[in-house]
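Next up: some structures, all given as structure tokens.
One chain, chain A, links the two complexes that follow: it is found with chain B in the first and with chain C in the second.
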Partner chain A sequence: MTAPAPIAASRGLCSCHVCQLVSRRDQRAQVAHCPRCGARLHFRRPGSVQRCWALIIASYILYIPANALVMMETGSLISYRKDTIVSGVVHLWRTGSWMIAVIVFVASVAIPLLKLFSLTLLLISVQRRSTWSPRQRTRLYRLVEAVGRWSMLDIYVVTLLAALVQLGSMATVKAGPAAVAFGAVVVLTMFATMEFDPRLIWDPLQKEEFHD
Partner chain B sequence: MTDHTRQLIACHDCDLLQRDIQLNPGCYASCPRCGAVLYRNATDSVDRTLAYTLAAAMVFLGANVFPIFSIEVQGDRSAITLFGAVLSLWDQHMKSISLLVFLTAMVAPAVELISITYLLLPLKLGKVPPSYPLFMRVLQVLQPWGMVEVLMLGVLVSLVKLTNNFRVIPGMALWSFAVLTLLLAAAAASFNARDVWAQLDATWQGQAKP
Partner chain C sequence: MTDRHNEMQDIPEAVSEPRRRFSVQLVWIIPIVAAIIGLSIAAKAWIDRGETITISFKTGEGLEAGKTKLKYKDVMIGEVKSIAISNDRSHVVVTAEVSKDAKGLMVKDTRFWVVRARISGGNVTGLTTLLGGSYIGVEAGASTELRDHFVGLESPPAVSMDVPGRQFVLHTDDVGSLYTGSPVFFRRMQVGQVIATDLDKDGKGVSVRIFIRSPYDRFVTTDTFFWHASGVDLSVSPNGVKLNTESMLAVLLGGISFEQRPNAPETQAAPANTAYTLYATHDEALKNSVVSEKFALQFRESVRGLAVGAPVDLRGVTVGEVTNIDVTLDRSRSDFSVAVEIQFYPEHLLSHLHAGREGLLPSPGSVQTHKLLDDLVAHGFRAQIKSGSLLTGQLYVALDFVPGARPARIDWNAAPPRFPTVPGSMEKLQKNLTEIVQKIEKLPLEKLAGDAGHTLRSLDDTLKSADQLLKNMDRSLVPEAKSVLTETRTTLEDVRKTLTEARGTLGGASQVLSADAPVQVDLRDTMREVSRAAQSLRVLGDYLEQHPEALIRGKKEEK
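Showing the complex of A and B:
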């Protein structure tokens, strides 16, 4: 590390978050707009860390009912079951649908937890202005961003099954209250991922601090 | 033109300031510091994206009109379309989930397809669509919320779950969703926001001073 890396913000340049155009932003002016697309210019996403924390804490809280409550009720003449996310996966495994069990486990259990833990780790490291392997942390962020949407899988499965299996006394499938909590976790963690500004990971390598 | 090629670019992941260089077709530029993909040189980006999008729009209609699959129990057959499933969940007092499925599986992909067509069709004809920054922004905001490929996997999982107990008959929409997933992936791969902005800029300047 000889000379500090040329950072847009340290030269008073700002990259538009909509059109990526790099333009000069007057430090004294309170509000600046992109000359090409008119979007508000910010050096860093305002309130990124605080909003991300709020969304993650809400997700942690909702994660409890999402796993503890019933996700799907299935009933037929022979059997009646109430499944949580985990017991649904176990049931799939026991009945021999290993592939599906693994897919559902990854999408509904592993990915939400991976997202919550990764974002927590990123936020703590950013707040402590850690300089520990920023490249790996940026990669982790990109992974969280890429896999997040797949947690919606179980919501779609419940919707399709509940709509289809309404054949009177023969069989019923109902979505349970966990579906609402789980859907909320997926949406909130997606918002949290969007709220996080990965440039904050790299800022501690610079001498200055950037805001807004 | 020299002004355009010597443009500066700031990495969206680490804010490293770099100079824009001309790329060979099919290549992409990545940030030397964090490895983020900065921009690509997708050949015929506008033409290809437009072609994939128009094809996807037609398949999308099919995917929503036809039943996804149907099951048969003692001669009774019940089939569902995607919107039918959304409505059924709404009636079962799961309004929030019903709305979530409606927005992510139907509204977001539809608005995405409409916005791309609205932007690229005039651009192809050398015109600037009115209020284009708004539509570019809509595309950017909606991009994470269109989940057709996740829905496709959900359809397959439900199919396997149902075949344990029922006779399942695949419907037209099942194949439509499979094709739609591929077309949307192709459209996303060929879409190049940087090219679109550059072309919008050039067209706009050409119109301002003819």
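Showing the complex of A and C:
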């Protein structure tokens, strides 16, 4: 890359998050407001990295109970089961429902974990002002953002079953404590993804730092 | 540049404000809360963590790691985590996790067993396991010593520890239709159950452990006897066909009944684990509830139809039974004799003799009993075999006074003592028949017939000469009618002479024919013997015609 393409921030331009009005802004340490709607103006999402870290750490913490605790309790005349996510996958696999086992595993174990790892990787690379293949990292970010809501699959299944299967002593399905933790993980990672400012990936190429 | 500047001029200026001081992001509360939640969950899990125990079972049938539950009073208290085979491969070791609140149950004498569907003893248990799978039943022990390794029971404990009552041990030859859980009846009411059946160490019997619930356990006294209440007791005996049944439940499933010995004095309740004998039937139990005395009887006759268990009868009262029948070779006489061993319950007899004087009852085997029996034998008290039933041909041993029996005494030195016997009625009949036949065979029938012919011939001759004489007399009388009167005297003389002669002749004849003539006596005796023989044969013939089976089964008892 010879001459880096000009970016808004390097020209002292800043767009409003709310009304998308582009306005000039003094680069020096000052808090600026949108001249049109009055919203606060930032060159970059303020505290993006920090917030993102906080949410990801919280997700990491909650990921443990989400997998260790009981996700779903199914009781029927014949049997009574308490399944964690992994034991459910194992059960599905053993009983021959390989496709469903794979889907549940991917949606409930692999994707949240990959999201967490991807965000961690992005955050570390951003903090280290790494210039390593920003295009790939951006693509990764897009993927994380796109896939985010789909890892709620387990929660959907559990909530649907818990609502539908209530036949007294014949059969009952109850959501376990892991469902809450798992839901929290999914939501927190989604927030973390939202919080992350992908522009930060490209900033190291500008040899300038932008605050606020 | 100017263009750009102009463009820049188009862009409105942001409203500036002095920078605020850097503040800590509130967002950090989220991971802190998450950490607190995570830690609290971990702490709770750690506090609530169950105890891991191991239980060894013979087989892992019905057990499944991660699925099989541990239940105490039907409440889940734990779960099987893994099942492994023991090092010596003789049993399986089940590792289970027990919840925190059930930790106190895991003491030294806590019992574990696998609950499967069982249909036994009239009750169906563990029906839910048909659908829900087996689980491990737990019964808390009373001990306070905590344990983490247990040996599981192979079958559920028939009686849970918290049911009051007592256990007793019954010894029997074979277990019959009893099994763990079989009911125990008292007056046909279920008061307990069999909790274990075990082969004796020497393999010669079975020990049945029973449990009688409180308060019924107080009816088990030292004077109690137990018998198999299982099934239908159909017995064909000299007394006829007898059908004895217990309650329908016992008939279908078997069980044990117990009862107090009749007329038993008030007795204390027996202590727990008292051993009793379990009899096959109520009758047997009743018989054996009295101490018996054994005797050996020797018979030279056939005992076909005499079976072990046949009654020993005293004027219709059963006072004992045959316990053994054996053939022995009597070398000195080169003959076989049948040794019949009987069990005799003198108390049956003696209690009658001593009615109302209970305290003076001589106990069996005592000197008094021996003396009494000796006295009886001296007066002709003997054993003999009699036919009990013409229908079944069964024999029994009868005890009674036999008139004219040869003197005998009980040989108390023999083991068992030998009781004197007399031949039975069948043998007597056979002997008589043989004697008759022999006598008939011995008769000189041909010679006797010849003698009789000879005698009759000489009688005929005599009569002929007498006839001639009369004819002569007639001839000499008619032509000389006139001289008759003159010659009457002479004629009369002649007549008298003739008559005298005739008398003499007749005297000779009558001498021949006189009642006390030796030939006549012989003949008459012979005829009488023959007729008696014929009569006996006819009677036998008639009897055999009516009862041909007597040839096979023996003669019917004279009524």
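The rule is short, and it goes like this: the second predicted complex is superposed on the first by the 194 of 212 C-alpha atoms of A that agree within 3 Å, B and C clash if a C-alpha of one lies under 4 Å from a C-alpha of the other, contacts with A are read in each partner's own complex, and residues count from 1 in each chain.
Note that in this section contacts are C-beta pairs under 8 Å (C-beta built on N, C-alpha and C of every residue); 3 or more make two chains touch, one makes a residue touch a chain.
Being a predicted model, the structure only gives us computed values, none of them experimental.
*Asks:* Quick one: is A:Val147 in contact with chain B, with chain C, with both, or with neither? Answer first, second, both or neither.
*Replies:* neither
*Asks:* In the superposed arrangement, does A:Ala58 touch chain B (first), chain C (second), both or neither?
*Replies:* Touch status of A:Ala58: second partner only.
*Asks:* I want to verify the contact counts: of chain B and chain C, which reaches more residues of chain A?
*Replies:* B
*Asks:* Pick one for A:Val109: touches chain B only (first), chain C only (second), both, or neither.
*Replies:* neither
*Asks:* By the touch definition at the top of the document, which applies to A:Thr95: first (chain B), second (chain C), both, or neither?
*Replies:* A:Thr95 sits against chain B, while chain C stays out of touch.
*Asks:* Is A:Arg139 touching anything from chain B or chain C once the two structures are fitted on A? First, second, both or neither.
*Replies:* first
*Asks:* Touch check for A:Val86: first (chain B), second (chain C), both, or neither?
*Replies:* Touch partners of A:Val86: none, neither chain B nor chain C.
*Asks:* If you stack the two complexes on chain A, which partner ends up touching A:Arg11: first (chain B), second (chain C), both, or neither?
*Replies:* Both: A:Arg11 reaches chain B and chain C.
*Asks:* After the superposition on A, what does A:Val22 contact: first (chain B), second (chain C), both or neither?
*Replies:* Once the two structures are laid over each other on A, A:Val22 reaches both partners.
*Asks:* Under the stated touch criterion, which partner chain does A:Leu69 make contact with: chain B (first), chain C (second), both, or neither?
*Replies:* Second partner only.
*Asks:* Per the definitions at the top, what is the overlap between the chain A residues touching chain B and those touching chain C?
*Replies:* Chain A residues touching both partners: 11, 13-14, 21-22, 36, 38, 184.
*Asks:* Taking the complex as given, what residues does chain B use to touch chain A?
*Replies:* So the residues of chain B touching chain A come out as 7-10, 12-17, 33-36, 68-69, 71, 73-74, 76, 78, 80, 84-86, 88-89, 92, 94, 96-98, 100-101, 104-105, 133, 136-137, 140, 144-145, 147, 150-151, 153-155, 157-158, 160-162, 164-165, 193-194, 197, 201.
*Asks:* Which stretch or stretches of chain C touch chain A in the complex?
*Replies:* Contacts found on chain C: 8, 11-20, 25, 27-28, 30-31, 33-35, 37-38, 41-42, 66-67, 69, 131-133.
*Asks:* Can you name the residues of chain A that touch chain B in the complex?
*Replies:* Contacts found on chain A: 5-9, 11, 13-15, 18-22, 36-39, 76, 92, 95, 97, 99-100, 103-104, 107, 134-135, 138-139, 141-142, 148-150, 152-167, 170-171, 174-175, 179-180, 183-184, 187, 190, 194, 198-199, 201-203.
*Asks:* Using the touch definition up top, name the residues of chain A that touch chain C in the complex.
*Replies:* 11, 13-14, 21-26, 29-36, 38, 41, 47, 50-51, 54-55, 57-59, 61-62, 64-65, 69, 77-81, 87, 177, 181, 184, 188, 195
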